[in-house]
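We call the chains A, B and C, going by the order they appear; numbering starts again at 1 in every chain.
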Amino acid sequence: MSDSNKVALSVTCIVDQLFPEIGVATVELLRMAGYSVEFPEKQTCCGQPFSNSGFMPEAVKMAKQNIELFEPYDYVVLPNGSCTAMMRVEYLHYLEKEPQWHTRAEALSKKTYELSEFLVRVADWKPAASANAPSVTFHASCHTKRLLGMHETPRALLAAAGCKIIEMEDPDRCCGFGGVFCVRMADISNAMTRTKLDLALKTGADRMVTVDPGCMMQMQGLLKEKSTTFRIQHLANFLLEVSK
Amino acid sequence: MTATFEKFHADARKVIADPRYQFAIEDATHTKNVKRTAAAAAYPPYEPLRDHLKAVRSSILSQLGVHLETFEKNAQNAGATVHWAENGEAACQIIADICERHGATRVVKGKSMASEEVHLNHYLEKEGISPVETDLGEWIIQQAGDPPAHIIAPAIHLTRYEIAKIFERVTGEDVDPENVEGMTAMARGILRDKFLSAEVGITGGNVAIAESGSIVLVMNEGNGRMTTSLPPVLIMLIGIEKVVPNWNDASAVLSLLARAATGQALSQYTTIVTGPAREDESEGPKEVHYVLLDNGRSKLIGTKYEEILRCIRCGTCLNVCPVYRKIGGSVYNTPVSGPIGSVFTPLIAGLNEYVALPHASTLCGECLKYCPVRIDFPRMFLDLRSDEVEQKVLPWRDRVIERFAARVMSTGWLYHLLFGIGRIFQVPFIKDRQFHLPKWINPAKERRLPAFGKRSFHQVWAKGEIKDDRS
Amino acid sequence: MTARDDTLQRLHKSQHPEPHPEPWESPQSFPDLTAQFIKALQTASGKAFHVESLDKALEKAFEFMEEFKVKRIIANDEPPLNQLDLPERYTQYEWYIVDKTEGNLQEFCAHADAGLTGAEAGFAETGSLVLVSGPGKSRFTSLLPPLHIVLVQTSKLMVDIFAWQKSYHKQFPGWVGFISGPSKTGDIEGKQVLGVHGPRDYIVILYDK
C-alpha cells in the first residue's frame, strides 16, 4: 500500500471502445476521491477473451504486455470486475511456469483494484447521500464474486448514496454473458439472460447497477423485450448521476 | 454419441423453445437446490466435512492402485469374483459372458451411471439379453426410449400425462395421469414380477470399501435391495475411482452424498454387499461379481485432470449450473451431463467427439462453490479449451478468427485502426447505441450487440477533455 | 498383459502418494438419542414410537397389525422376537418364522402383509437402523411385505454412522442394510410417492427395557 495519490487507469477494451463514458465517470470519481489519474496510452486489452477460449500463448503475451505497462505505477484501477480478476488472479496462474514474470505479476496483483474496491478500501471515499436516489438492485458478476471475493464495496457506495438496495432472488444466477460464450452459445446465453432480467425486474427496483460492463451490455441487449423504463447502468455513471 | 457444436446448438435450441421442458428442468433443479441447502444448514459438520472428504478423495487418487489391490484381496476373501475391465466394451463383454454362462436371459438392473457410460443395455440386447431397468425413473425412460435428463432424476423432463401414456402402452389398461400413486403401484407390480423371476441382477455402486471388500449401493425405492438379494447371480459395476480404504472414509462419503443429492440425511436404503450369501444364509446371491471399470480413468491419474475423479456423482453441479438449468441432460449427449459430464466425458470418450462440452459454461463457478469435494471445474474447462486449441480439435475457422483477434487486441496501431474503421462502417446499422441486424447475420441472435462508442476513451483522453483541474 | 495388470501398472507408475487425512471424528451429539431418532425418521416419512417396555412395544406393534388388517406375518428369528413365542401368543395370524417355518420363504412373502424384525443398531442422527443377513434373519422380511415393523431397544441407538463405524469390528456378512425410512420415489414430476419396491409403511417401536 502506498501513500501516493496517483493511480493508473486500466480502462479495459470494452469500456474503451464501447462505453467510454464509463471511463470518463471513473476518472471523475477518482478525482473526487482525491486522486490524480494517469492513463498509460499503450494499453489495449487484458487478454481474457483469449484465455477464455483456450488461446493461452496469446493470453500470456498480453499478460506480459500489461504487467510491463502498469508495473511502474502505485495503483492500477479498473472499472471492470472481470478484468480486475484477470489481472489480479489469473495472470498469476498463467505465469506459474515463469518465476520471474510470476514475481512481477504478484507485485502488480497487490496494487490492482476494481473501482469500488479502491474507493472504499484505499481512498476511504463515499458519495454524499442524495435525497432522490432511485431504488436499485445490484448485480454482482460471477468473476467479481468468485475471483475477487468482493461484493460489499459496490453495495456500500450505493447505500452511502442513499439508494434503497433490493436484492434479486437467486442472486448468484449467472446473467449469461460468459465472454465468448455469449456469441459461441448465443441461444443458451440469451435464455439465461432472459431469466436474469426477469429476476431483476421482479425486484421492482428502478435500476440495476453493476461493476461489470460485460454483464451490463449482455443484459442491455435483451432488456427492451421486457421493459422500456428499467435501466441498467455501470456503478461509476450511476454514482455521478445521483450526485448531481 | 457426440457433442459437436452444430449438434449441441441444434439440440439446445429445441429444448430452449419448449416451455414445458424449461419449466420441468428449472423446477426440479430449484427444488433440489432448496433441499440441499436445507440439509446442509441442518448438519453443522457439512462444510468441514467437505474439506475432509476432498482431502480423502485426493489422497486416495494419489495412490489408487494400492487401494484397488487391497479391495480386490478382501473382496475375494469374502467370496466375490473381481473382474477388471479396461474399457466399456470389455465391461460389457465380461457381464454378457457371466449371463451367458448361466444361460440367463431375464436380467434386472438397478440404476447405474457406469452402465450407461459403457452402453451396457445396448450391448446386452444385441446378445439377446433384455435387461429391465428397475429404478422407476430409469424404467420410465427405458419404455419411452429417452435419454436421462438428470443423473439422479432421469425422468424429470416428462409430465405425468406423458408417463401415463407410457403405462397405458405397457399394460394395455387405462391409466389416470392424475393418479401418480396409482402409476407407481402399477410399476411396483410389473417390476416385482421381474425381480422374482430374474436370473441375474446388475447394479452399479456408490462406494467400494477396500478394508472389507464391500460395495455400497444407496437408493430410495428399494429396487437396489431387490436386485442385490433376489437373483441368484449379482454383478456390480463400479468405476475404479470409487474405492475408499476404510469405513470412516465411506461414512464421510455417505454423510455428504444424500444431503447433496436429494437433501436427505441418508437415502432410505443403504445396501452393503460383501460377497455372496454365506453358507449359513439361505437366500441372497450365490455368485457375486464385482466389475472394476477403468475406461480411461487410470490415464487421468498424475495429470492436471486427476481431480475430476474425486466426484461422488451427487448431481449438485448439475443443479446449480445455469447452463444445465436451461438445457437439461439430453443436450450434452452423454449420460453423465452437466459440469461433471462436460469434463469427464471428453476425457474418457474423446475431446474431438465432445468438442462443444467444455464451452458449455460461462465459468460462473457455482459448480466449484457447491461441489461436495470442491472440484475446480472452471479451471478444467479452461484447460480443456486450451487442449482443444493445441490439439487442433477446435474448428479451424474458430482458431483463425481468434488468433487474428488476439493479434489485433495486442497490437496498438491495429487495435485502434480496426475499431476506428468499425466506428465508421457501423453507422447504417446502429440505432440507440445498439446494432440492429437481421437475426441470420447477428452472432448474438435476438440479442442486440452494443455499438462502438462514437469515440474511444483513448480519443477522449487524447483530446484533453477530461483535464485534471489540479494538475 | 491382462486388463488388471495394465491398469495397475499405469496407476503404480503415476502414483504420487499424499498422506491420508486423520479419521473424521464426528462432532455430532444429541441430548436425547431417542427423540432425535424419532424426529429424523419422521422427516423421512417413517413412523417411530417410544415406549417403556418390550411388552408395551408388542402391544403397539399389534395395534398396527390390526389397523393394517394384517393376516400373514413374516418375522425374523432374532432378539427380541425369538423370546416372545409370537405364533403361540398371536394365533389369529398366519406366521412364518425365518429358518424355523417349513415352506418357501419368498412364496410366503409374496402374500405376506407385514414383516417383523429387530435391529442390530441405530443411528439417531439420521433415524437409521442397521439390519444384517444371517441365520434367522432374512433380507426379505424388511423388504417384500408392504408393512415393516421393527422392535428395537433404545440402548442400541448410537449418535451417527461414524459412531457405528468406530464400534463395528466384525466381518461383514453378505448383506448389511441401513434402513432410514419407507421406500419412496420422486421420479414422476418430483411428486413423492411411498412404497415403490420396498415397504410403504415403516414403523419403528423403540422400547427402554
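Simple rule for what comes next: contacts are C-beta pairs under 8 Å (C-beta built on N, C-alpha and C of every residue); 3 or more make two chains touch, one makes a residue touch a chain.
Predicted model only: the values in this text are computed from it and were never measured.
Contacts between chains trace an open chain of neighbours here, each touching only the next in line.
The chain occupying the central position, as judged from C-alpha centroids, is B.
Relative to subunit C, the most remote chain by averaged C-alpha coordinates is A. Our note on geometry: subunit B versus subunit C, Cα centroid distance of 31 Å, whole angstroms. Averaging C-alpha coordinates per chain places the centre of subunit A 56 Å away from that of subunit C.
Partner subunit B is touched in their complex by these residues of subunit C: 2-4, 6-8, 10-12, 14-21, 23-24, 26-28, 40, 43-44, 99, 105-106, 110, 123, 125-128, 133-135, 138-140, 143, 160-162, 165-166, 168, 171-191, 193, 195-199. Of all residues in subunit B, those touching subunit A in their complex are 5, 9, 12-13, 16, 22, 322-323, 326-327, 359-366, 368-369, 378, 382, 384-390, 394, 398, 402-403, 405-406, 409-412, 415, 419, 434, 443-453, 455-462, 466, 468-471. Note for the complex: subunit B touches subunit C at residues 24, 27-28, 31, 44-45, 49, 52, 55-56, 58-60, 62-66, 68-69, 78, 84-86, 90, 134-137, 140, 153-156, 158-160, 163, 180-181, 183-185, 187-188, 191-192, 195-196, 212-214, 220-223, 225-226, 228-230, 240, 245-248, 250-252, 254-255, 262, 264-278, 280-285, 288, 292, 294, 298-299, 301-303. Contact residues on subunit A toward subunit B in their complex (touch as defined above): 11, 13, 15-21, 23-24, 27-28, 31, 36-37, 39, 41-42, 44-45, 47, 49-56, 58-59, 61-62, 65, 142-143, 145-146, 172-174, 176-179, 181-193, 195, 217-218, 220-222, 224-225.
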